[in-house]
Structure formats: structure tokens, C-alpha cells
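The two complexes that follow have subunit A in common; it is paired with subunit B in the first and with subunit C in the second.
Then we have the complex of A and B:
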């Protein structure tokens, strides 16, 4: 290979205009921003409802928005402790696996028609399925963490998580399947194109409700914060974590999982990047249009995440058996009904 | 034992919870005081205890009567012992002031005692001699919290 200055300049130019590089950068920046806003909203909303003020002193002008940055900095510079009796390898590798699965799932989905990591359009359906599969593996990393800590609370938390997985996994998959049957395709580009007139949440509201409830269970949002509920089991599987481990697993990782689930739900149910009366041109020429479309996607993701974190102010924590009963008796029935509704729509020819 | 709830009541309770929360979210009733920027009007509360060193007779009555054992007698260069107060322990009962036969201990209006370290809580006789410097608040606001029809409300009385 001849490394002439022209060739190098060409290489740099193509890298700067590459949709993959832009996708990666946009996802990293936007996910951090959405997470910052969501955690801030969670704290402030719960505080407003509970007669408090919430974080304020870290940045009074912004209403305490930078408190999360201060918290993250504190956790990152504090010493990560691996206690005696822990299974060292899994204890230290659990959190990185957790966050890789949680955030990696969202990298397999397209942000706009051109901004995506999977270049081959034929592979996009596999990306959609694979992202859901990665998100469902997060619960296994939670069980790994709980087992490796060698702590009673962590062990009980891991067992609870395993029980909850059995309750939410099937409804999650069934409601996903209902939407796939409704659209008749697994390709995210086609799925979004078919929601041009009517979004999926309107076409099949039961599936949306079942999916979001299952997501609240999967990411330990409030009525289902059972595996790591402080009142019972002292942050459950994450009891022995501190410092950067906690950031990667409990304090950051669950929010990244919520972000990925919300991203998936925004494509499946809320119409993704479809903005009536606006469409982006081909990638390098219409860069601004693509960035606007991705901002529109992130608005939807943020709305879903705000709803998920707002539940903390609304709900008490369910008892484990009540949550399991809700999963098996309520969510499962609801997702089967949504599946039947999708099949009926498709048989009647009303599906898009 | 299993609490049997109908789907209808589950939906009703959920909607009710959302109603309450959204009402409070839109119009919050906060009683928190933005502490460094606002301060409470404490009313009739006992304050910081000062010491007139020249009146003290080293009788140690204050140290004996102190129910929290907050007073310790410090040896001065002139051979006398004088009380120093540990505000980490002091419960502001002012028994020491009441019991002092020489009126050497006196109470002040300084009611807002906050410290940056444990060491600065311990007042030796030298520090007890004159009242501590009161740090200027950035935005002093006097606040009163009171119950209005069963719920606590923050009633601001003065903003200077």
C-alpha cells in the first residue's frame, strides 16, 4: 500500500464522512445526554412528589443537573474493592459484561435509514432480533454478579432476578412477535416505513402496554425493583459493589439497558425516525437531515425513559409473588391477546 | 395467602396513583429549606454559650451539671481550670448557664451552628471567650414551616 499524502487525506475524509463513525459518535453522545436527563428527571420528579427539592447544590443555576456527573466522578475515583470470598474473575468481569450487553444491543439497530452500524441491508433483520437477544442476556449477567459476590443478599437478589426473568421474558418476546406479525417483516427500515401513517402503539396498544411493563420488570424500574430493593435485600446482586463496578452495573448499566429497550420500543411502537413531511436524502450530502431525524428518535427514546423513571414516584414496590402473578397471569394473557389481535388484523387485511 | 384483586380494581388503583402523583408533580408542596441560601426562623430556642473568662471562679459546677458531659475543664497558664464546650455533645439545655454561681457563662442569639470538621466543634476556653464569626449567607431568607389544614406548608415571612 502506498501511503501518499493524497491517499491518507482520502482515508481521513472517508472516515469523517462514514455513517458508521457518525452513528457510533451520535449514539455515545446522545445516550449519555439522554441518561443524564433521565436520571436528573427521576430524582427531581420523585423529589417534587415527596415534598423535597432533590439535587440542587451541585449546580444551582441548572437545578442540580450536574449532580449525576459529580456522582459518577466520585464513584470512578473511589477504590474498587474485591472482597475475600468473591469469585474474582466473574466478580470483576460481571459489570463490563453487563454494560456491554446493555449498550451493545442498541448499536445493532439503525438510527436513521443510513446511520447504522450494520451496513448490509440483508443483515438488518438479524440485528433487530439479536439486539433483543442481547438485552435478554443482561439478566444472566445479573445472576452471574449475584452468584460471584458470595453474599446472602446478593444470592437472594440473583434468585429473585432469575424468577422475574421467567415472568417477563415470555410476554416480552410475545409482544415483540405480535408487532413483527403485524408488520410482516423483521427489517427495521421496513418496520419504520410501515408506521408512516399510524404508529405501532396505536395499531396494537395491548402489545405496547405489555412490552413497556415487561421492560419495567427487565430494567428493575419501580414497581418491579424487587431483585435490588433496598428495603429487603440491600441492593441485591450489587450489594458488594463499589466504585467503578457500581457505575458499570447498577448505577449506569441498568439505565443503559433501559435506554436500549426504549430505543427498540421507539422503533417498534413509536415510529422511529418517521417524521411526516420530512425525509432525509442520501447520507453524505444531507448530513443535517439525518442528524435531525436521529434527534427525533432520541426525543422518543427520552420520552419512554422519562416514563420509566417517573414510575419511581408513582408506585410502591410489589411483593415478589405479586409481581410473578402479574407476569404470568396478567402480562402473559395480555401479550397473547395482542398476538391474537395482530393475527386478526393481518387476516382481515388491515395490517400495514 | 393470596390477595385476590380483580383487574378492574388494579386498573383503578393504578390510575388513582397516577392522578395523585401528577397533581403533586405539577403543583408540589415542598417544605424543604434551601439551607445555605435560606434559614429557618427558630423562635425561642437556646443558642451558643459564651464565657466571660474573668468572671469564672473554676468551681466546675457547669461540668458537673452537664447532662451530656459536653463540658471539659481546661487548665489555663495561671493554674485555674475553665470550661470548654464540645458542641458535638452539647444538647443546648443551658443548665450550665443556670447553675453558674458567678454568671460567667451566658447565652447568645447564635442558633445556627454548623461545622466543617469535628475539631471545630470543640470550643476551648480561648475560643469560648468571644462569639464565633457568623458566616454571611448568600441570600438570607427567614422561613417558617407550619401546618395548614393538616399538611405542612412553607410560609415565608421575610426576604431581605
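Then we have the complex of A and C:
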């Protein structure tokens, strides 16, 4: 090994220009920024509807934007308590598993044609499927959390989560399948390329509706905040969590899951990075173009997340049996219809 | 009975194991149980039995009432139910007035009606707000409490206090409202009626909210009567009873208004009774604001005669308590009944010739509604508990006295 200064400099240069490193950096920064904005929007929009001011005292010049940072700091420096009755291993490992699955899912998807973690184009279809699989495993970690807490409210919450998973998982997968049949490919690069003229949400609106409703159920957004419904089961599976555990699961993890779902939905339904009249050149030369395209993706992600969080301001919580009925009757039928619509488009030769 | 302990939960099996029941201790430290405990037994998602365990906020009101001068009981008893402070104290004062033979002038009668109806609106807004957050609508919660905030400003104008008015006195009222009160109250009522319709749209007619309330916690008319439900708990089940109309206390006989009755018997019906009563209260207040004399003594002749001339002159603005402090309760008993926001308040006062009451018996609507509420709980789903609880306006501090 002759580590000449030139070789080291070249190594650093290639690391600095590596699309994987940039993908990581952009995803970490942008996901935090999108979450910060979404939570801020959630609080401010709800406050506007409710005749209040909302967060203000932390960073008044930014309109309370940094309140979430203050909240997170407060939670992180508070003592994590593991109560005596808990199953220690799963109780402490549940939240890290939760957030790893929730955020890890979005790392398997491409941000722009070149900014991606999976370098081999032949593996990209697996990345798409695998990210959905990881997101569906998040609910398993909720059940793990609820079981390990050894608390009846947590237990009931976990049971409810398990029931809800069964109700939303099939429609979620069917609407995903409908889009895959519509595009005739699992490769996210081709999926986005095929939405150049018309985005997926226009080509198959039923699938979009079913997918977003299932996402609202999967990420415990209103009106499906059932597993952690404050009215009867306190905070459900998260009842005994505090401090950093809460940040990683309920207070932060669900938002990361919503982020990943929205990212997936923006690629499947909203055309991802495709911007008519604009395409980025090859990576390191046209770095700015790629960053602009990724910003365009994040705009779509943020729009979807804003929709999901705004539901809090207008909706009460649906009852468990009604939510299950909605999942098994409404969503299932809707996703089957969307599947049929996709097949029909494909058979008629109208699919892109 | 066999107790099966497995990891994570304790199940109780009844009989030969066909019914597996999970006991939940719902409260007293729970986001929506209030300061009371319900031992809820669920089989799957269905509530099969509820055992109430009240008493966590018992403040020995009745015993404290025997230990002090009867006039010092007014600020004590309004703490039974602060959102409904005027109606609580009115019932006590009514009993005292009967014991002491005090008369109430027309002006104070109308002012009392205005303040009591504001108190009813305040209670209903409080209950609707709590009910909204219980079924998950934070918007309904904030709107109701925001509207109540404007109302307590009106209270502060009249009495100097936002939450503890201590305003009704035997023989009349303590302070006269400033002129601005009359116009501000009308403006408030206009805003309230507009906003309460928006509340109905966002919370009750919202499809999610509607199905949380509809057909939930059914209480039949017979059961409501048998368990002696009161207030919206009874009127939501079709029982047409209201102390204001049936006893015609105060000046209620002089106004045009109707008693709100719904036949549904479910949470939705009880909530609609609340909404309707807010509107009827606004109707009563509007009429009373037209009729109330703007000048004149705040207390009746019996009390005025006991006052020194200087205090008598200022009795149209403010009443000093000196004369009342010198009065002793005769050895007799009297009952005062008012219709509060949540139902009937009953005070039974026994005097013994001293300044302290010998005994004060208190019945509060939440205590009366408890058994009816338990009846409505049983058979519902676990997620319905908050929707039923809130529809009765159950208030543990009021129940425990």
C-alpha cells in the first residue's frame, strides 16, 4: 500500500462526489427538514383552525419553527425509564427497530436517476418492493412494543394495531400492485419515466385514494389514531415510553414512517422527479440539476405529508370496528377496482 | 373463578372458560377518565361490566358546610362545580332564603336568570369541549373553550372573577353589572350562536364524529327514569323534565322558551340536547336583557331594612355583607332546587338557631347520572367509553362533592 498524498486526495474527491454519499446526506438533511416543516405545519394549521397561535416562543422570528427541535432535545435529555414489569430487551430495542425500519425504507428508493443507494440498476426493482416490505414491518414493531410494555393499555393498543394491519395491508398492497401493473415494471426509474406526461394519481385515482387512506391508517394519522387513542387506552402501545424511546417511536418514528410512505407515494403516484422540460445531466457534472430534482421530489413528499397531518385539525377518531369495516369493505373493494382499472388500461393498450 | 396469569395481561375466566374477561383500571390517572376510577371488564372489544370507584376528589363539602357561618358556604359550595358556579350557589341560596324569609327584588331576579343561563352555557361549552377531545376532535375542544373564555370575561365584568363569582346572595345579588355588560352580552350571544353552528358542522355532523356518537350508549326512557338520570342524561332519553319549567323558580315563568328533549337515548341525543339548550339559554338571556331594570336595589326589602343607611344607598351597585353576617338560621329546614347545566342541584339545609347550618345535604347531577351512565356503558365497545362519558357531562369533582 503506497498511500501517496495524490491517492488520498483522489479517494477523498471520489467520496465527495459519490452519489451514494450525497444521497445519504441529502436524505438525512431533507427528511429532517421535511419532518420539521410537517410538524410545524401540523401545529400551526391546527392552531389556525382552533383560534390559537400555536408554537411561538421557541424561535418567534421563524414563527415557532424550531419548537420541534426544543421538544426533541427535552425528550432526549430526559431519563429513559424502563419499568420493572417490562420485557427489557424488546422494550428498549423496539423504538430503534421502529425508526430504523421506518426511515430505512426510504433509503432503498432512488431520489433522482443517479442519486440512489442501490447502484446496480437490476436491483432497483427489489429496492422498491423491499422498501414497502420494511414499511409494513413497522407495525410489527408496534406490536412488539405493545407486548413488551406489560401494560393492559399497551396490550390492547398492540392488539388493535394487529387488527388494523390486517385491514389496511391488503388494500395497500393491491393499490401498489395496481400501479405496478399499470406501468408494467417494478423499476422506479422506469416508473417515474412513464409518468412524464400524466402522473399515476391521474391515471388511476382510485389506487391513489386507497393507498393514501391505507397510509393514514398505517401511520396512525387522524381519523385512524386508534391503536394509540388517548380516550380509552392512554397512548396505547407507547403508554410506558418516555424520553428518547418516545422520540424514536411515537413522537418521531411515526412521522418517519409517514415520510417514507409519502416518498414511495410520490414516486408511484406523483411522478417523482419528472419535471417536464427539465432533465438532469450525468452525475458529478450536473450536480445542481440533481439537487434541484431531489428538491422537487421533496416538495411532493411535503405536500403529501401536509395533507396527512392536516387531518388532525378536522377529524375526530374513528371507532375501531368502523375502521376495520372501512378497511375490509371500502378500501379492499376500492383497491380491487383500481386493480381492474389498471388491467383494463393495460389490455386496452392505454397504459404508458 | 380461576385467575390465569400470562405474560402481559391478567385474564379472568368465568364459568368453564367460555367467557374470558380482561379487567382494565380506567382512571383516576388517565387522560380522559377524570378524577375517578372505573374498573372496566371487557370481553374482546365489548364492555361487559363497569364498576365505578368514585371518591378521589371528595372534599367533604357537606361536613365543611356545618363548620362555618352559612354565608361562608357560598364560596365553598360553588367549588362543587366551578363551570356551573351560579346554579350551584343559587340552589343553596334558595334554601337559605326560605329559612330566613328573605325576598328578592325584580331586578335581582332578572339578573340571576341572566347569570344562571350564562352559567348553563358555560357548563355546556365545558362539557362539549371535553366531549370533543374525548372523541379525538381537538378543534371542537379548542372552540368550546375559546367560546367559554369570552363568557368568563362577561362574568368578570359583573363579579370581578372569571371562575369563582360568589355572586348570588340570599335576598338578591352581590354586584350590579356595568352598562357595557348588556351590549357585550348581546354581541357574545350573536357570536356564540354563529360559532355553535360551526361546532355542530365540524364535530357532530362530521361523518366520523357522527358515527362515534350515533347509537352509542343507549339509555332507554324507562332506564333513565329508573336510574334517576337528570339533565341532558334524562332529556336525551325523552324525559320531559326541567326544574326551571316545572318549579318555575326565579323569573323563569316570565320568558318564552322551550325545554329541549330528544328521544334518541344515545350519545348523539344527549349532545344535541346540550346544543339546543345553549340556543334556548341565549333566547332567555335576550329576553331578560330587555326586561331587566337598570336601576334599583339588588337585594329585597327584608335585607335592606337590616342595613345601615349608608350601605342601603349603595345597594343598587354593590351589597356589603354586614347585615347577612348578623343573621342566624332558625331551627327549621328548607330545600333549594335549581336546574344546572348537567341536571338538578338540590340543597337541603337544616338550621339550629346558630349561624352555622346544622346539616347541609347536597345532591349533584353527576352523582345522580353515575348509575345511568354505568348502565349506558355496559354492552358498548371499549372505544365508546369516552363518547358516552362525555355525553353525560360527567364531572368527578361535582360528583364527589
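Keep this in mind: the second predicted complex is superposed on the first by the 352 of 352 C-alpha atoms of A that agree within 3 Å, B and C clash if a C-alpha of one lies under 4 Å from a C-alpha of the other, contacts with A are read in each partner's own complex, and residues count from 1 in each chain.
By our rule, contacts are C-beta pairs under 8 Å (C-beta built on N, C-alpha and C of every residue); 3 or more make two chains touch, one makes a residue touch a chain.
Values in this document were obtained by computation on a predicted structure and should not be read as measured data.
Undergrad: Based on the superposition on subunit A, does the combination of subunit B and subunit C result in a clash or a fit?
TA: Clash - subunit B and subunit C, as placed by superposing on subunit A, overlap.
Undergrad: Who does A:45 touch here: subunit B (first), subunit C (second), both, or neither?
TA: It touches subunit B, and subunit C stays clear.
Undergrad: In the three-chain superposition, say which chain, subunit B or subunit C, touches more residues of subunit A.
TA: Per-residue touch count on subunit A favours C.
Undergrad: Looking at A:228, would you say it contacts subunit B, subunit C, both, or neither? Reply first, second, both or neither.
TA: In the superposition, A:228 touches no partner, neither subunit B nor subunit C.
Undergrad: Just to be sure I read the superposition right, which of the two partners does A:53 touch: subunit B = first, subunit C = second, or both, or neither?
TA: First partner only.
Undergrad: With both complexes superposed on chain A, which partner does A:314 reach: first (subunit B), second (subunit C), both or neither?
TA: So A:314 meets both subunit B and subunit C here.
Undergrad: Is A:150 touching anything from subunit B or subunit C once the two structures are fitted on A? First, second, both or neither.
TA: A:150: touches subunit C, not subunit B.
Undergrad: Looking only at the overlay on chain A, choose which of 5-13, 185-193 or 383-391 in subunit C hits subunit B.
TA: 185-193
Undergrad: What is the shared patch of subunit A, the residues that subunit B and subunit C both contact?
TA: Common to the two interfaces on subunit A: residues 49, 51-52, 313-315, 321-322.
Undergrad: Looking at the complex, which residues from subunit A come into contact with subunit C?
TA: Of all residues in subunit A, those touching subunit C are 46, 49-52, 87, 147, 150, 152-153, 155-156, 222-223, 225-226, 229-234, 312-322.
Undergrad: Where on subunit B is subunit A touching in the complex?
TA: The touching residues are 2-3, 7, 10, 17-18, 21, 24-25, 28-32, 34, 36, 152.
Undergrad: Of all residues in subunit C, which touch subunit A in the complex?
TA: Per the touch definition, subunit C meets subunit A at residues 7-9, 22-26, 30-32, 45, 132, 134-143, 146, 202-203, 206, 208-209, 211-212, 381-387.
Undergrad: What residues of subunit A sit close enough to touch subunit B in their complex?
TA: Listed in rising order, the residues are 45, 48-49, 51-53, 56-57, 310, 313-315, 321-322, 325, 330.
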